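Input: structures, listed below.
After this come two complexes, each holding chain A, first together with chain B and then together with chain C.
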Partner chain A sequence: MPSDYLLACIGGPLLAILLLHGRGRRLFVALVGGMFAAFLCGAISGFLARMVQYDAMAAVLYISPLVEEGMKMVLFLLFLFVCRLREAELPEIAVGIGIGFSLLESIALLFTAGEWQLIVLFSKAFCSALIHVACALMLILSIQTIRRMAMETVSGYLGVYAVTVTVHALYNLLVSQAGISLILGYALPTAVIILWKFTPRIQRTN
Partner chain B sequence: MNAMTILYEGLHCLFCAWLTYWLIGKTIAAPHHPMLYATTVAVVCLLLGDAYWLAHLIIRGNVPEILSACDVAYVGMWLIFHAALPRPQKLSGRQAALAALMGVFTVLNGVGWTVWTQHWLLNLIWTIPLFLLAVRSALLLDVRLNSLRGYLFLPLPGLLLAAETASFLWPEFWDSLNVLCAILWLCSLMLFAWLLKGKAPFRQLPIPAWMLLMVYCECASLLSSDWAYFVFQVLLAGTIGCFARIVGKEGEPLYAL
Partner chain C sequence: MQPNDALVQEVIRRSRVLRARQLHKRKLLLSIGCIALSLLLVFLLHGKTGMTVAANTEFYGSLVFEGHGSMYIIIAVSFFLAGILAGLGLDTLRSRRRQRRILRYTEKWMEKGGPATPAPKKPQNP
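Up next is the complex of A and B:
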């Protein structure tokens, strides 16, 4: 991924980090962190794809999910151990990282879009945000649950990482073809986010 | 890719979807139960792996390449199971002996898969979580290997090793040795379950013993081919189903080992 993309969208959030304090600042740090992670992922995925001689589609299906979710996980663990976040702040950080990640991807999408209609471009960027936020939420909430339940941390984290990689890879696979598969692909992250929103309510009802 | 494999994967996916639905309901009702949570996530991994495999077949027209999201999901399942087991507190000679046996057993299986498939990286990624899970489960169990059950079981892994090695060394006898290996795997699995259960009824099998049975079924299926592969995969699915049912219904008491 060319560095111009990162420079094009990092100015405003950086200013916000300088001006804000407390939770607002942390949110923008997560956003910028997500952008940096996306930038690094582009470079790493490209390098790995060239190394194993994969074409663009194979790289999207087999390499990108592994690298992207790995970078997100590293970022979460940094946030978790460096900032010592409270439980209520975790979803905000997850959303910040996911949005930052998808923002840079959307910029890249815009540059490579060509003749796409505006509405198609918007829906692609929106759904890219959905999957990144959904995976980020899954990662951070599962990591928190593993810590709370005092499970074996390293294998637990790797197991959660495996879940998010598979969800991401399944999404990439489904949206790679038009028709019902595309709709199912877009429904996948939406279902994850709906489940996250409504689980506390269902638990309270029970 | 034959119709049998596609049918099996489809049915397996449906079974996992039903199990996931049931376990999610149980987890929402009892959210602070580590083993139930881990079992739910592990079954979700299994479901996602199956869904990815089927989606890849339908969309791309072929099965996923080696080291795809399917493998990541299945390996994730074993890691999650390992994460849910508590650390062993005191070590006795019996526990160490069973752990050593299971450790050597999984490593030899990993070597066998590598020799068979020639994919060392993929098999290394598969072997590590199975090895960790087998060793930790064995360290949590008090099983007497120097008993009648132990003496009946112990020769079988050795016979299996000999039969599997022979099938690699003399490929001209592959078919007949394959049948022999499948029978040996099945006998050893039954004797292993009998050894693990001890004198207690089968439904009171402790959680680590269920884990060992799952690892054993997985090892058996990965070193088998044709019908034997499906038999052991069905046994694995059945073991996971029984385990999930016990964890979902009886909950916390079984977690206290």
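Up next is the complex of A and C:
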């Protein structure tokens, strides 16, 4: 499918955001921003892969996580510094951006997938959304912690970036193979999300 | 005039309103700029890019485009990032200039022992 069509799909909802107000608009902006960033990431990864003469598989394993997490971080920092969001609002922005990323990937998947079983397609799209949301949450919560600890430095941000890139690359590597590796890959984002959900309760108990 | 609690509260309230207005203006400008740039990008890139989604995407965990014209996207992203840096730089310069003007005005006022002419910027009434 030509990439121009994907860009056209993003352009329409982008204008509809102006009709919304408040939290709804912010969430929708995060979602469309995520979709637009995913489109740019696909093009950048393709360009870098062609430059270093990698095939698409190698590009997904070695280049895409770097580019995707980098773009996510730029988007977060934009939201954080331009919109001056409160701490409670940060997770919903992270979820919006993560879902935007996975939505565009799902659209691409829809156009390239052949005769696939419905349950396999669903689990692939669902786990793709989970990994993007998990990485986005990891990024935004770590940035929040770094800001709170007054360590707002480049090295702090680079550390957070390195962790999310590693998790994303691990997911891509695991799901690229069939069998137990695929199941482990699908379980990875679920484990991260569960950890995020239960961390406050564990901290409260201690 | 002696500052009292009511006066201080009023000053804080007005500063909050001004801050909210400033943020609202900044967000509006940013949204308009982003939409305009996106539309411009669509028109400029029309027919120049020939990228398609990589084959066997269903086996991958991420999205990769293949084909020609991706360098235009790289240029657009570089300009966008450079634009953020330039915007931040301009904002810093503007705020420094404003601070210098306020300092100069205060110094003048302190020397003369009365209000100097003219004030740097009159705060708007909410």
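A few notes on this one:
What we mean here is this: the second predicted complex is superposed on the first by the 190 of 206 C-alpha atoms of A that agree within 3 Å, B and C clash if a C-alpha of one lies under 4 Å from a C-alpha of the other, contacts with A are read in each partner's own complex, and residues count from 1 in each chain.
Quick note on the criterion: contacts are C-beta pairs under 8 Å (C-beta built on N, C-alpha and C of every residue); 3 or more make two chains touch, one makes a residue touch a chain.
Owing to the predicted nature of the structure, the values given are computational and were not obtained by experimental measurement.
After alignment on the shared chain A, the placement of chain B and chain C results in a side-by-side fit free of clashes. Once the two complexes are overlaid on the shared chain, A:Ser176 sits against chain B and chain C alike.
Touched residues of chain A were counted for both chain B and chain C, and C has more of them. Legend: residue contacts after superposition of the two complexes on their common chain; A:Ala191 is shown touching neither chain B nor chain C.
In the superposed model, A:Leu19 makes contact with neither chain B nor chain C.
After the superposition on chain A, the angle chain B-chain A-chain C between C-alpha centres rounds to 90°, nearest 10.
When the two complexes are overlaid on their common chain A, residue A:Ala56 makes contact with chain C while staying clear of chain B. When the two structures are aligned on the shared chain, A:Leu104 is found in touch with chain C, with no touch to chain B. Shared-chain residue A:Pro65: touches chain B and chain C both. Contact with chain B, but none with chain C, is seen for A:Thr145 once the two complexes are overlaid on the shared chain.
Look at A:Thr166: by the touch rule set out above, it reaches chain B but stays clear of chain C. Annotation: superposed on chain A, chain B and chain C show a minimal Cα-Cα gap of 14 Å. According to the touch criterion, the shared surface of chain A, contacted by chain B in one complex and chain C in the other, consists of residues 65, 176.
Chain B contributes residues 28-29, 31-32, 34, 37-38, 41-42, 44-45, 48-49, 51-52, 55-56, 58-60, 64-65, 67-70, 72-73, 75-77, 79-80, 82-85, 87, 129, 132 to its touches with chain A in the complex. Contacts from chain A toward chain B in the complex involve residues 58, 61-62, 65-66, 142, 145-146, 149-153, 155-156, 158-163, 165-167, 169-170, 173-174, 176-177, 181, 199, 202-203, 206. By the touch criterion stated above, chain C contacts chain A in their complex at residues 23, 26-27, 30-31, 35, 38-39, 41-42, 45-46, 49-67, 70-71, 73-74, 76-77, 81, 84.
On the chain A side of its complex with chain C, the touching residues are 1-4, 7-8, 10-11, 14-15, 17-18, 29, 36, 38, 40-47, 49-50, 56-57, 59-60, 64-65, 68, 74, 78, 82-84, 104-105, 108-109, 111-114, 116, 124, 128, 131, 168, 171-172, 175-176, 185.
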